[in-house]
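In this document, chain identifiers A, B, C and D correspond to the written order of the chains, with residue numbering beginning at 1 in each.
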């Protein structure tokens, strides 16, 4: 590892301590490096604006940084244990390409605001991608809702058979759910869309940095103004991002639970695609719903990341090295969610619905609510209607569930799924992202 | 307790079980009751729209509900253990005032969507109030930032003296922080601003409810469309609300930590208002910063509420009674934050800043960064400038910190606090709430 | 509220602040008061030992404290908002009975070690009670395991039918589970069984308190030695207690999940006792498993309490008022678990097993594992045996599941449930508690 | 990757799904592999006991397994992405050494009990190692307590100067704290010291495995009896282990906080060893306490792991693939704690105590408590004594703090640190581990 900038003459750190302090930082920085380079380019342009760098030098550095991005994309540059962290790697790359001038990029900047801005860009990107993946999942669900708009299946509350429902309603619930998640991810992106670059180590710097230009260059909505506040957002922004990511993870959890439950022998409502199941090492007869089961476990991972952050953030003002620990839960949460979300559209599209099993699970008592409501419409109080039907459950006979399904005609209900409205919301969000 | 609607002939529940199942529900419903009544009025109006209730009956019921709200405000009606929950209390009240027609309000509605809509209204109100209280705290901090714009105090990183800073910067960091929290609370309100009334128990109902009228009557931004999705938001919306509330709690935590630290004998930068301190039962010499210490503990309470919710929400589709448990962490989180937030403006305004102690804690080595940056501006690489200054720390002499403070002139830094911009953001948010 | 001991002349605290700082402390102290009195009696005896109190005075005070305990038991003394906290209530009671001498009990003691010792006694008692309740639950499960030792039911992995199993195995798993929880609760009690009384506010006190006598008088196993360590255990002991309580809560969660799942129409393996179900407000046909559903939500409450504590405990050495917040999650966790645990034996005993439904859910493919193992015993590699059976699943015919059940004869398995060993463990623990 | 045992003819899993489902499993299994091999050896011996394997075959397999352990130790065998998981690697290794017989080790065992037993052995080892490391930390602290037994330093409550204290008391608090942690780790090891091998996939197996022999061979205290309970402990045992590990992490957190606080310019009580500090990238004057700051962040990591587990464990009986996710938080928690704990002895030993700064921070008002207690001993009520001293604080004069320190003579207090007792506890635990 290179000698760090801040190395003290008397520093003699044993290897174990070095390893503990470095942690997994350089590996985590692999996720941040392109954003760090992007922000460094904006910083260099800003220094040129105020003549702290000559235009030529700035151009040379910028070209080298562009090259570094290409090298990363092409796999020619790999951030690994040779470097202390991503920041050092950038400086090292620059010095090797443009000589001593490469060191000038550190002027007017601290690692504190450097990592803050890289994290903000990373989080914005993560929120955008998560929103798009959520919309893909919403689309897949919407398509299946359309194809099975009035196909009957039982509706459950408390896991007890309640009233006739439809595959359309079930699938549309995920369409609206993922769409709503995308909306939250979009709002959260807007909240963190503030440029912290130029706040240095939390107290500003004695150069007149063109902060608002930098904000524009990096396409942030606003400038994060106060340097101490900038430091204080470290970890707090991350928590809010994780909380937003938890929402699609939670919808995945519900979907996965449904698929596990509905693919039991006892329910038998769905057959999972082969790619979602595996066998057992001891039981030759098993087809296990491993994929949905593992998907159920995504939200807990994000919850763990959230607790980790919340326990860490118990500090006075100013940067503290504890905050280094905030990178890992953020990146773990983001990475894990992406891996899960990108599997959802196929899972939704390729699951087989066993229409007969669903239909035959609707028993006559499930029309009780319809009848009670009808009696109430006809003039009885609902309580009396309820009591009358409850006392005569055996008198209920089998019917065509489609009649019940279509009779529930309020907006969004089984008879009126509002699929066009959900689709419109999806489209509007895609446009806005 | 009244016989519940759903009582079964054969139900024989022992008292311990009843008590366990009731939990603290009726007490929690005290917080929800006004919103439940508000939504009931909208539901009654909707039933009248579609002639499921006559206009006269609807008017009579509406008047009784208005009266109930007045009775609650006046302390004439108290929701207590006589009732199973708030829903039963409303029906009971109505029957006692308007007779059997009172029971008609239950037509086309389940307790499921009834509680969902009451919770949404409660959460919207809570977010608005929390945002306003955050802006009050921001205002208090802004005022002190203005009054002490360039008054010097040390700036710390890692709790080590770093560079000269100012009370203005410190206080403005809370102004921007609380303002930013208010912005998040506002965005979160917008996300949950959807009307679930009319989705019944998760599968709709066989009446053609005028859901979009109801959405307008209750001043929601949008209609929550899919009834299964509506059920699935139970607890998830609450989590997002708590996550947003955690942000001002976290800023309170930082402020409180600073006050505890800065009021130690060793720092001595601030003196807390008498109302924020107490004595010791065994040590006659103590003045303890109990209020800030207790304030530090608010964010952890909200974190606990978040984990509680996240552990609960591991369920397939459809309502499950487990979700009953989501009320308590929400209401505990909201209530606790309000109690804390409303104490913040006075705490900020009444804390005494000990200017001399702050000034004298700025030692010459803290000008090292200024000098290194200046050398870099003058043409050295920053690394060389840094090394030069680091090797000559003893040569640094004392100066007027105001020069250093004012020289940091980038937007938001000590020399350019951007107070007008922060104020403009506060004002814009107030208008928007 | 009485003027507190530590009131300062200049203290002028507004009511809102007072209310915030008092929190729910006096209500929480209702749970601690008997233990506080018990420890106060030991402290008084200790003061008499070293002649810091005369024998007569000590006797008088002790008699008054004994009377106070009786008054509490008899409902004659109620700790309420008249008092700042339980400590003040004790002093107040004493002064009213024995005059100024009542104030002498505070000698050599701080509220810090007073609350520490009361909490330790409370936690020891809670752990003992929780262990006993767990053993009651274990007994109930064991009895049902015995009654249905070889009654067949399907065994599931991944919620897929796997191999034939038995009610005996299922019920015995709860017997061992609750017994194992009791064992953990017992070990945890042993860990916290240390007397902190005499450590004052964290630095000891200039009296030669007979600490080891006090330890014996209060029947602690050990003396907690170091006063700073004593303070540092505040909250940490509580977390460990909650973690131990989480274990039976988790077993409740699994039991409750099984009951909810097995009482669906689709499984139909069990019928819940009427006392465990309720109806729906809108659906006349419903019998919902509300009690098991609410029971599933107990472990999450304890998890929330644990996170709350963990987020709070981020402090340097010494008492901080933040630690006040540790009382509530402890007492909430303990109280909630007790309410749940005491319902378990009846729930287990009164659930009906639908033997026919269970039996008929065992299909021929579930004998595949038996056959594969038998082939392997007969000399094939297990992999080949597995493959052979997997390729010929259709050839499997129906059998008497009892044969399969009894053939699994390893200790603890369906054919050899080890009920006597489980019973012996339960008995040994009861004796040890 | 090899074709897994349970591969189905029709399985066609895309790479993304494969990658998601494999997760980091094979990397995590690096930690478990030696324990998996150890348990496999015991299983093979058990199969020989019951003649399911010939003695010769068993010996051949055992020798190969012993060789595999050596190969791992020597770095000749590395578990990596070539394998699905550790279990497959063992089988593969065996087949390559002993041919088809290598496949026989799977007889009478499922991956379910195979991973359970490996995890138990791993956790027992981790608890033992953590206990030993805690005792090392306790020893280091004890040594410094001895060397500075009566050296004065201020004692704080609420971070306010309270009473004179000593370095001895401060250091002894960590000695007792780490020792107490070791005791908990030992108790927790005892709780999980149960052999699950032989419970197969949760329902036993149709071979008469000599389970009690296996328990002895693997040196477990008890046999885990019920196979369904065995499955249900997955994740729950892990949580309890993490909760025990959290205790030393929490003591580390307190120690680290003290070091950060006491090494500020304002306190100046300690100077950290150079190996524990680093510089700043922008501020040439900084020596930052990075190591203690990073150490503060260890407990939060474990807390996050605990929440992750708790959110995952919301399932009915039987194995579910979700439980795969329990490996990572366990191993992350264990690994992180070890890295931190092993740095503690040096950190404690090499920190310099600045005796003069500590001494001079003791001001006269800190004798108030001594005087009030003395007045109370002399016959005043403590309240009156307290009031008298509180009203005359200015009259207190400076003294030799050693008098105050030594006067606090109760067991464990500054004048009587009970170091021999703490040492005896440490020694007893070492012997017992």
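Everything that follows uses one rule, which is that contacts are C-beta pairs under 8 Å (C-beta built on N, C-alpha and C of every residue); 3 or more make two chains touch, one makes a residue touch a chain.
Quick caveat, the model's predicted, so the values are computed rather than measured.
*Asks:* Starting at subunit A, how many touching-chain steps does it take at least to reach subunit D?
*Replies:* 1
*Asks:* So which has more C-beta pairs touching, B-C or A-B?
*Replies:* A-B
*Asks:* Which listed pair, A-D, A-B or A-C, reproduces C-D with over half its contact pairs identical?
*Replies:* Equivalent contacts to C-D are found in A-B.
*Asks:* Counting in whole Å, what is the centre-to-centre distance of subunit B and subunit D, each centre being its mean C-alpha position?
*Replies:* That gives a centre separation of 36 Å.
*Asks:* Please report how many Å separate the Cα centroid of subunit A from that of subunit B, as a whole number.
*Replies:* It comes to 23 Å between the two C-alpha centres.
*Asks:* When the centre of a chain is set as the mean of its C-alpha atoms, what distance in Å lies between subunit B and subunit C?
*Replies:* Computed value for the inter-centroid distance: 32 Å.
*Asks:* Among the residues of subunit D, which ones contact at least 2 other chains?
*Replies:* Touching at least two other chains: 5, 106, 112, 157-159, 162-163, 200-201, 205, 260-261, 279-280, 282-283, 286-290, 293, 296, 299-300, 303, 306-307, 310-311, 314-315, 320-321, 369, 386.
*Asks:* Touching subunit C in the complex: which residues of subunit D?
*Replies:* Of all residues in subunit D, those touching subunit C are 5, 52, 100-101, 103-104, 106-108, 112, 155-159, 162-165, 169-170, 172-177, 180, 183-184, 187-188, 190-191, 198-209, 211-212, 223-230, 232-233, 236, 239-240, 243-244, 246-247, 250-251, 253-254, 257-258, 261, 296, 299-300, 303, 306-307, 310-311, 313-321, 369-370, 373-374, 376-377, 381-384, 386, 404, 407-418, 421-422.
*Asks:* Given the complex with subunit A, which residues does subunit C contribute to the contact?
*Replies:* The touching residues are 157-163, 260-261, 263-267, 279-280, 282-290, 293, 307, 310-311, 314-315, 361, 363, 365-366, 368-369, 372, 386-387, 389-390, 393.
*Asks:* What residues on subunit B touch subunit C, complex-wise?
*Replies:* Going through subunit B, the ones touching subunit C are 4-8, 10-14, 16-17, 19-21, 23, 87, 106, 109-112, 200-201, 205, 260, 274-283, 286-291, 293-294, 296-297, 299-301, 303-312, 320-322, 324-325, 329, 339-340, 342-343, 346.
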